[in-house]
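One structure below.
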Amino acid sequence: KDLTLGLKGEPTSLDPHFHNVTNNNQQALYLFDKLIRQDSRQKLQPGLAVTWKPIADTTWEFKLRKGVTFHDGSPFTAEDVKFTLERIPNVPNSPSSFTFAVSAIKEVEIVDPLTIRVHTENPAPLLPRMFASFTIVSKKNAQGMTTEDFNSGKAAIGTGPYKLVEWVRGDRTVYARNDAYWGEKSPWEKIIIRPITNDGTRVASLKSGDVDLINFVPPADVKHLEKDSGIKLSKSASTRLIYLHLDSNRDVTPTVTGNDGSVIKNPMKDSRVRKAISKAINREAIAARIMEGLAIPASQMVPDGYAGTSTKLKAEPYDPQGAKALLTEAGYPDGFKITIHGPNDRYVNDGDIAQAIAQMLTKVGIRTEVNTMPKAVYFGRASALEFSLMLVGWATDTGEQSNCLASLLHTYDKEKGFGASNRGRYSNPLVDQKLEEALVTVDPAKHNQLIIEATEIGIGDTGIVPIHYQVNVWGSRKGLAYNGRTDGYTLPREIIVK
Amino acid sequence: MTDAATPFVRCENISRVFEKKLDFAGKMARSLGSNVREERVQAVDSVNLRIMPGEVVSLVGESGCGKSTLGRMICGILAQSEGKIFYKGKDVATMSVAEKLDYAINVQMIFQDPFASLNPRKRVRKIIGEAPLFHGLTTASELDEYLDGVMNQCGLDPSYKNRYPHQFSGGQRQRIGIARAMAVQPECLVCDESVAALDVSIQAQILNLFMELRENLNLTCLFISHDLGVVEHISDRIAVMYLGRIVESAPVDDLFDAPFHPYTQALLNEVPRLDKRGVDFSPLVGEIPSPLDPPTGCHFHPRCAHAMEICKQEVPQRREVAPGRWACCHLNG
Amino acid sequence: MSSHLLDIRNLQTNFYTRAGVVRAVNGISLTVDKGEVLGLVGESGSGKSVTGFSIMGLVDPPGRVAGGSIKFKDKELLTQTDAEWRDFRGNHVAMIFQDPMMTLNPVLRIDTQMIEAIRAHERVSKAEAMRRSVEALGMVGIPSPEERIKSYPHQFSGGMRQRVAIATGLLNNPDLIIADEPTTALDVTIQGQILSEMQKLCRKTDMALIWITHDLTVIAGLAQRVAVMYAGMIIEQGPVQDVLDNPLHPYTEGLIGSVPGRNRRGQKLYQIPGTTPSLIDLPPGCPFRMRCPRATDVCLEVPPVTTYAEGREVCCFHPGEYQSQPTTERSS
Amino acid sequence: MAVFNSESLFWQAVKEFFESRVATIGLIVLAITIGVALAAPYISPQNPYDLMGIDIMDSKLTPGSASLDGSITYVLGTDSQGRDMFSAILYGLRISLGVGVVSTLIALVLGAVIGLWAAYQGGKTDAFIMRTVDLQLSFPAILVALILLAILGKGIDKIILALVMVQWAYYARAIRSNVLVERNKEYVEAAKCLALPQRRIMFSHVLPNCTPELIVISTVKVAGAIALEATLSFLGLGMPITKPSLGLLIANGFKYLQSGYYWISVYPGVALLILIVCINLVGDRLRDVLNPRLKR
Amino acid sequence: MLAFLIRRITQSAVVLLVMSVLVFVGVFYIGNPIDILIAPDATPAEYARAVSELGLDKPLWEQYFVFLKGALQGNFGNSFVYNEPALQIILTRLPATLELAFTAMFMAVFLGIPLGMVAGIQHDNWIGRNIMRFSILGFSLPTFWVGLMLIIIFSVQLGWLPSGGRGETVELMGIPVSFLTWDGLRHLILPATNLALFKTSLAIRLSRAGVQENLQMDYVKFARAKGLSNTRIIGLHVMKNIMIPVITVLGMELGNLIAFAVVTETIFSWPGMGKLVIDSIGVLDRPIIVAYLLITVTMFIFINLLVDVFYSILDPRVRLGDER
């Protein structure tokens, strides 16, 4: 009857447009719906929009679903969509909003209550992808409402599969089934979500039967949970890429010194050194020993099979000899000293991965120190370019490679908004050019081809060093299973009852 | 340089007030109507006292009447709030540094508690020897010899030099305390209840030691005690204190024969004596008043059998009632 | 002779410490009669307090009464059960301690502490107990006792507190009060007041009193009989006049000699050589012999108790000469 | 009754100390632990801080397994990096002890100087210092340390700094109140009367008499500091990950506790417990032996 | 008393002021919250907008004065992360922490003091010794380690108690509490035990020392000389005397308990403000951190004040105006 979920995180708010962060987005889907849904492999699916198509270079038309009502019984119409699109850039104090998703829009035109047209400044091939990132709120209920009103439940009225019963911050969120839901009916009357940040505690809650299902089962626990007959594990590869960013632009980089401690020229400007670093890393070992098999060695920025992935790129094989040779060739036969920085509370086993990489680099002659820190400190310093070699993660929520390319490999360009997370300041005009072209190419096939080319160039030049894609694991009590999602969301509709 | 006519130490109207001032919060509270007040204890109230060279003057009085405070001021470890102290005729306040040091060393104090007055972490050698060494009365190489002398003088076995205080009995400890003072070759000792904590038999030993030292070295002594028997035994002159004031001072025999002040009379009456058998005790009535809130006029009037109206209002002046005898009492007026 | 109120025979109290057995009370015999004031004198550590505690059954571990007998009104105390002891204490015999600052519980009001003393022995109402407490306070000379009884101990001066302690002791009309140096910590004037109150009380109620002190002069004024203790033994006892004027034991003589007073002004005081011995592993024989001017080889044996007259005893091989003197009439 | 023997207070205290069996055992174990910790570089089979020497392929081996290349046997198993747990524990002990002792010593000296100075100066200086101490003490220690470390980042120097920051005020207050008590004792007056200079009285008479209590406090505080360091490391602040202290080892093993890799967390935990319990046992006994209130 | 109050209040005000400055500067130095909060693919323009939205582009002192002005009116600013008034967020979490802390304190008092008294009275036999051994252990074990062990033993191995979370709550005078429901109680036991262990040991040691010290006092002997029973002597005379230091110390420790709840709350996912603040430090949510610290310290000060007042009630010798 009831379902209790133990989730690693908690939304910071129930206002779906306040904070663009996994936990918020995930639980927004309990209360609200998107125009365009993403399936478990992040393919686009009809949501509140039944169809969408470009009717001109700069115009997209969306047909809306008929007969959908909000929790309060009011009907869903194009007015609500328009209201949502206008609300998104105007949520006060939002630390991280969805403005990016609507920034291309010039005008929203309501054709009839179930048809809406979106006009853009320039051709916007990625608009449906963007529209798959946010949910639609009710104009009637959300107009003039603040984030607080959503949190209290007053404005948290959507078209989603569940209605909000209560939210006790830090303790639980309780949802009740929306019997009038347009989509698949929930088998549970009530869903209780318990935020349990601590990995050990979360696993323990599952084992003791306090919760029915948990997300982010830590890799270390997978082995013994698999032996537990009362528990079922579900694994799913994710789009979360763990990679190294290397300072490849500056002449002198902060943490690199010669073996004698003297300041030397930044060796990582040389693509051979970058390649050597990539070759020195034993991805299989990391996946097997540290991730307990719950990682897939990565070759590029999103896993195979996603839009924009190259079939030519393969994960760099472990080759210490080759790495040494390349180092010698680049003029560093005895290596150099460097510090690898990484967060210790952000990704699965992030600290361990950084250490393992340090171990491996040290073995090919690059004497590596490790410095891990809480994400609170880490990202600020990383963005301030204080590091030379850093461990970072990237999740491609849109399900295709372009925004990843734009953020990580495109030359940093504050005006045009490129390279926002290019903390190594990698710069390659060829990559820039292909990507920029792709972004205005509406034809899907051509668009895709350009992206692939850009990726091949960037990765081939070792602009970043991909390590692996995380595999997410859900654990549930016997009788339940989870059909994992690449975005890592835990959604009731993916839960399989046996 | 001390001629017989110049007092060794003379106190002129010295007073000592202990005050606890109100801080900012206290003042504020008072202005808001709270009844906090500054606490002011007049421990010593314009006392005149002279100690002639070679004389033993005793200071008696009830607990809290300011005996120790007066003693400590004379020793120079506590500053007076008012009045002057003359050392060998010279005002201490106007002395040079060297003279002050001379004064400080020459007047030494012996304490009451044989346990607390010795530093438990130092050996006897250090306790006694530190000051003479520091003041250059001896040298490190001659220290041992010097100590032997001092310890012998005080009836201590010099072989105990390397012991710690806790390894001695109470009487021996008191001797160590005396030796410590004697080691700087003072001319005057201030003994603050120095025998009060000792058993009778030990007390006798220490008293004998005092008298011996005094005779041999012609020491001047201020002997503070509340035990009239002891005082009677040892002193030349007695000063009786009551609540910060000296109410009477007289040569010992005169005082015991004919106490003048009603308080002295009452006090002497109280003293139990070996030769007073099966007496009916007829005590002085009343409590010792709190120095925080002393009675007006003559401090003794609430307990005095002869109290008159004037006693409540006016502080009696010090008068010479007989040659060498002073008293403060209105009966005398 | 069974007419004594308290009759102690050969009492032994030992402390079993890590360093060895401390024979704090080493075979003393003592009697107290109704209405009598007995002075128990001796130097620090001679076992006076332990004697008192033994009578009260209050010897703390590691101490234990090791032998002898204590009879109170012909009843043997040492074989009493815990409950009997509890009933006995404070009811038949009361004890008052030296330091008035410490004997009262600082966090309980005076009335609580007095009422409980009554109600521990008698089933009376609180109001009745209160009335009696107020009365007792009045008896020891505390002004306006009805108000003062509501105070806490720290609101009293030392002398007042000692009076409260005495009043508490009096509450159940005991036959005997053991006062363990109750005036040592007080000023002469206050001591005089307390002595006077005690004297009045004893005369009024026919209560017996054991006054423990190291001050011979107090005994001289207060007591009728005196017992002198040294190293756990009573080395001399007898009527006050007799003992003070004609001490037989060299220790008593020395003690009297060392009291400073006008008579010997300016002269050297008599000085008992040496210090009190440690009571651990005390060598056999007379404990005073190391300090005794009269000691001879016989003193290596424990001296026997010699009785000169009724109640006039000494424990020495070389006593002074006994001048038979008529005992003073007891002041009554 | 005074017992005369010819020993100094120190030896008497030592003798008394050993009268307690538990405390003696505690002291012996502590001595061994300290010895082992000091000798770690010489006796541990591996330098767990040297990345060259450890191999990820040896990770999470059960106690008693041999390494892949057969060169060492991991008696207590390995952690997720393939680090020999036995060596890591020895080195961890070294860090924990070092951090505990050094931070306590610095805090002690700092606090002592400040407290003494406050007591010596009196008046406004005293008031100011004591208000600062109050301020410091009105923050819960763990929060101060948390925030400080968040600001400072990682490293042994930083954690020592943080621990000093949370401890000094405590000592300053203890010293000051002790000094105020001692200063009124008669032996200090005697020294004054002997015209010895004030500074000499403070340092050579008053201070030594405050030390026994300080010794007692600081032993217990060393244990506290070690536990606090472990807690902070556990919360992810403190030591850098490649130089794990015991607390960090426990934290690293925490996530494996339920997975059957118990040794990664349990053995360092046991080592930490032994260390702290022994220090506390010794401190407790010291308190009994040195406490002036229980004796004359 | 009035002087005492005035003194305390002025002091507290200064403490709070200094502390808020320190925290402000401290958090400023840790880093920029936007770096953590913002989506990684956000454009620089987006970044700049977020910075100015939160007022982080102003100079630090200006930010501080804005804060101070608000704080004086009871407004600590909105949480960066939750966009709700920081104070309100903390206040909703406060009852959970207080419940935990008070329960732990309750356990420490009602377990620690009797055990300590037993240990003090029976100090020579095995009962006393074992109690002391337990207290040494309780004193030594780091809280986080005990928490871990409790979970492993009682929820994983034995499955008796839940491993985390708060359980069902009911409102008691408008405050949600969990100890009144069976489910809530079950959730409360482990974390409270965890938190209480150290304080219990402390209470044991304090009361043992107190009993031993007091039993040697003359007043105990005098009470026995009055013929009182042991029960009354221990239960009233000694008890009342040892309560004074024990309550004082434990009272002062209550503040520490609230702070240390950070660790316990993290381990047991107890939805209190300790966990909140750890998370907030993680994302540099300055308003929350500042408000949390101010509230904790205010509580600290208030508790100490109460303890002092309580102390003066327990101990008739103390007069509050006297202090310093």
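As written, the chains take the letters A, B, C, D and E, and residue 1 is the first residue of each chain.
Everything that follows uses one rule, which is that a contact is a pair of C-beta atoms (placed from the backbone, for glycine too) under 8 Å apart; a residue touches a chain by one contact, two chains touch by 3 or more.
The structure presented is a predicted model; accordingly, all values stated were derived computationally and were not measured.
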Could you let me know which interface, D-E or B-E, is made of more C-beta pairs in contact?
D-E
Chain of greatest Cα-centre distance to chain A
C
Report, in whole Å, the distance between the mean C-alpha point of chain A and the mean C-alpha point of chain B.
87
Suppose each chain is reduced to the average of its Cα coordinates; what separation in Å results between chain C and chain E?
54
So what's the Cα centroid distance for chain B and chain C, whole Å?
32
Roughly how far is chain B from chain D, going centre to centre by Cα mean, in whole Å?
49
Could you check chain E for residues that touch two or more other chains and list them?
30, 148, 152, 156, 266, 281
What residues in chain C touch two or more of the other chains?
276
Touching two or more other chains in chain A are residues 200, 204, 207, 345, 374, 376-377
For the chain E and chain C complex, residues of the former touching the latter
217-219, 221-229, 232, 236-237, 240-241, 244, 314-317
Touching residues (chain side chain E, partner chain A) in the complex
30-47, 49-50, 53-54, 78, 80-84, 89, 92-93, 96, 148, 151-152, 155-156, 159, 162-166, 169, 176, 266-269, 271-272, 275-276, 279, 281-284
Residue ranges of chain D touching chain A (in the complex, touch as defined)
51-52, 54-57, 59-60, 80-82, 150, 153-154, 236-237, 240-242, 252, 254-261
Of all residues in chain C, which touch chain B in the complex?
43-44, 157, 159-160, 187-193, 195-196, 199, 214-218, 220-222, 224, 240-241, 244, 254-262, 264-266, 268-272, 275-276, 328, 330-331
Provide the residue numbers of chain A that touch chain E in the complex, in ascending order.
12-13, 15, 18-21, 92-97, 99-100, 147-148, 151, 168-172, 194-198, 200-201, 204-205, 207-210, 345, 374-377, 379-381, 383, 394, 403-404, 406-407, 414, 417, 420-421
